[in-house]
Amino acid sequence: MGGRLTGRRVVVTDSNEFMGPDIAALFREEGAEVLADARDLTVPSASGDLIRDAGRVDILMVNLAITYSPGFVQDIEDAELDRMLDRLVRPLHRLVRAVLPQMKERGNGKIVIVGSAAALRGQPRRSVYAAARGAQHAYVRTVGVEVAPFGVNVNATGQNFVENPTYFPPEYQATEEFKKRMEGVPAGRLSTGREAAQFLLFLAGPESDFFFGQVFPYAGGWVA
Amino acid sequence: MGGRLTGRRVVVTDSNEFMGPDIAALFREEGAEVLADARDLTVPSASGDLIRDAGRVDILMVNLAITYSPGFVQDIEDAELDRMLDRLVRPLHRLVRAVLPQMKERGNGKIVIVGSAAALRGQPRRSVYAAARGAQHAYVRTVGVEVAPFGVNVNATGQNFVENPTYFPPEYQATEEFKKRMEGVPAGRLSTGREAAQFLLFLAGPESDFFFGQVFPYAGGWVA
Amino acid sequence: MGGRLTGRRVVVTDSNEFMGPDIAALFREEGAEVLADARDLTVPSASGDLIRDAGRVDILMVNLAITYSPGFVQDIEDAELDRMLDRLVRPLHRLVRAVLPQMKERGNGKIVIVGSAAALRGQPRRSVYAAARGAQHAYVRTVGVEVAPFGVNVNATGQNFVENPTYFPPEYQATEEFKKRMEGVPAGRLSTGREAAQFLLFLAGPESDFFFGQVFPYAGGWVA
Amino acid sequence: MGGRLTGRRVVVTDSNEFMGPDIAALFREEGAEVLADARDLTVPSASGDLIRDAGRVDILMVNLAITYSPGFVQDIEDAELDRMLDRLVRPLHRLVRAVLPQMKERGNGKIVIVGSAAALRGQPRRSVYAAARGAQHAYVRTVGVEVAPFGVNVNATGQNFVENPTYFPPEYQATEEFKKRMEGVPAGRLSTGREAAQFLLFLAGPESDFFFGQVFPYAGGWVA
């Protein structure tokens, strides 16, 4: 292939986690200049600094990662909810706020949020994680509409069942719980990270100019 | 009518704001013992205190209110997002966490979150408000599934275009902007607060036993 | 209870099947004058005749039933699709077309379509059934918006896992396939027909005046 | 670009209408062998004949077109509903039924239904058209799940506001009604047919292997 992102400057956040490595690899193959950044975005000033350091950003990939242990509602302390908000919600707004002015001024730009299907379909023991991911989706819906008149596209995925070190480490894939969960997934398998990155490429590339504020499930048919 | 909630103990939060007064009035007409509570739930310990003070809670009405000025993404400071999370998201988790143990032990209970359609359909200049409301919906979806096996029903509305002093004061209803917005609403009018409370009554009452983790738009056809 | 439908004239179609008996029984308890009609609505003139015979209709309950054997796509003949359309789609349009003029003239009226969650979430071997049920939902969305300005409310449910002789006969409830299916339903049980009728009562009664063209899943959390 | 469909045999139905010309042109640029077929699919045997004539079909583009005059429910005769079903629903099932056996046997294949956003969001005067388009979407959801275990991907779009001779002729684009409608579309413009075809290319190509039974709005943010 190649060349679908030639000349585009792309920022990828949390670049060593979640979809970061797959995004960086695929987007580089497609000709993008990728700024893979791994700084700690829970620091309030970090998001603004990142965008300022980056200079021109044609495409912002909001890839925000967190690891957690599922738990019942009554066992989840305030601190765990705060951790979710600090990693998944606050940096989202800071990043988008920092990058939008230059995109609106130029009259184009793409912002893609790598979200989670946990916000789209209920499962036990994901309450505060789902809440933070749900905040991302609703934010995308409204910001997507707000900036549409400026030619900026803001969209999100809601992914699940994508093979990546953060959520599906090999040891978990060997468990009975995992096999049981896969029975409920029409695909019957995990997506590779590269496959998932290909859809993110679509949303980041020139072919997504007519999408505004849309949330796309990417979960092997588990949500459709 | 009357009597649909006879003998039920109901907690209504932010009882002087948003849907609080209409809920309290209608539920009392239906025979409920209503604890209308107006304490400041941004205080971390307040939610737990409220549930402890209340004793037995058959029905928890999570009515969380905030007023805000719509603004473009690039103008919204961290403090405004934090204010949304402090009023709409943190108290939700604290309230649900505090009340669930007694409901699970008894094998029944209803939790109804009065949510916003702003989380379901994008509109300009509502970004962080929509995010907080979206967190509520995703939380409901997952908690609703988690506690279903215990006979507890957790559901939410996503309302808009309901006449209430918080979001539609009379002076706003007189503006051209308001009239323009109503053109896009199939109902062509605002709902009264009492009408909206009647749907909340359905969700709080004995007729909603088969609903788990569901989000119901209530917006005059603007979202369906 | 009682009295929520006092003085209302209600037509229920396919009155001996699907939700027909439960609707008729509950609505009568609530004071309605119920015309439970069981004529064969595959006859092109039957729907128009029914409405004409009925005279004033305040509430039309479009309860359309069909029994079928699930089958793989490649095994489903044209005749089976036609049978679905003849029983579930054509009569819907004929009934609604016949009753709308009097409702629009009076400036009020309720039309409730008893639909299926099969149209909302995919399952193997329901292809043409789901298609016909999906036609109902999309029809409701658009007609609901069209007639909103006239004060007429058109809404639908998408039900599943409701105990009724048509879809969940006792012998099927005893099978392993049934037990396996219930594992995927948060409710962990079937709804009684009466419970399901209570939500239909809400949609048919005076408390649903602000709903227009909305589709409500009723499936024990299986769709939310 | 080029080469994303090299060696793939594609059938496009109603090839002179709706998205047919744009699909054929773009897919050929990407290396596909396109069988653009314009036969009348209301003839019951035509769909089966088409697939038989085509031989190996790697990708089936179910592009079904109809022109109609919007009308109020009470003015739409049975014949108009039948025309919708004859052009949009019956051929869909016949085409899918005819092509699935070879795809299931080979263990791969893509079926993409070019659908309409009219099925996803209500608008006045589209009742029977929306119903037929809604049947398509529900059919896709269930068939997509049914054939997922065989490695076959069945997905659909729900498009609106795409420039094409069938729905948006230049003379309509000049009307006030059109301009008024566009105010409610975040994109603020029509999509070109080529842009829309690019998303269809994504769904038809090798990058969509993890999507099963999904319905994608494509409507400039009007549905998201």
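Points worth noting:
Chains here go by letter, A, B, C and D, matching the order in which they are written, and residues are numbered from 1 within each.
Here, a residue touches a chain if its C-beta (ideal position, glycine included) is under 8 Å from a C-beta of that chain, and two chains touch if they have at least 3 such contacts.
What you see is a predicted model, and the numbers here were worked out from it, not measured in a lab.
Chain centres here are means of the Cα atoms, and by that rule the chain farthest away from chain C is A. Of the two chain pairs considered here, A-B and B-C, the higher C-beta contact count falls to A-B. We define each chain's centre as the mean of its Cα atoms; on that basis chain B and chain C are separated by 29 Å. Shared contact sites, meaning residues of chain B that touch two or more other chains, fall at 121-122, 141, 144-145, 186, 213, 221, 224.
Interface of chain A with chain B (complex): residues 44, 72-74, 76, 78, 81, 85, 89-90, 92-94, 96-97, 100-101, 118-128, 130-139, 141-147, 213.
Residues of chain B that touch chain D in their complex: 121-122, 184, 186, 221, 224. Against chain C, the residues of chain B that register as touching in their complex are 1, 3-4, 141, 144-145, 148-149, 186-188, 191, 195-196, 198-199, 201-202, 207-218, 220-221, 224.
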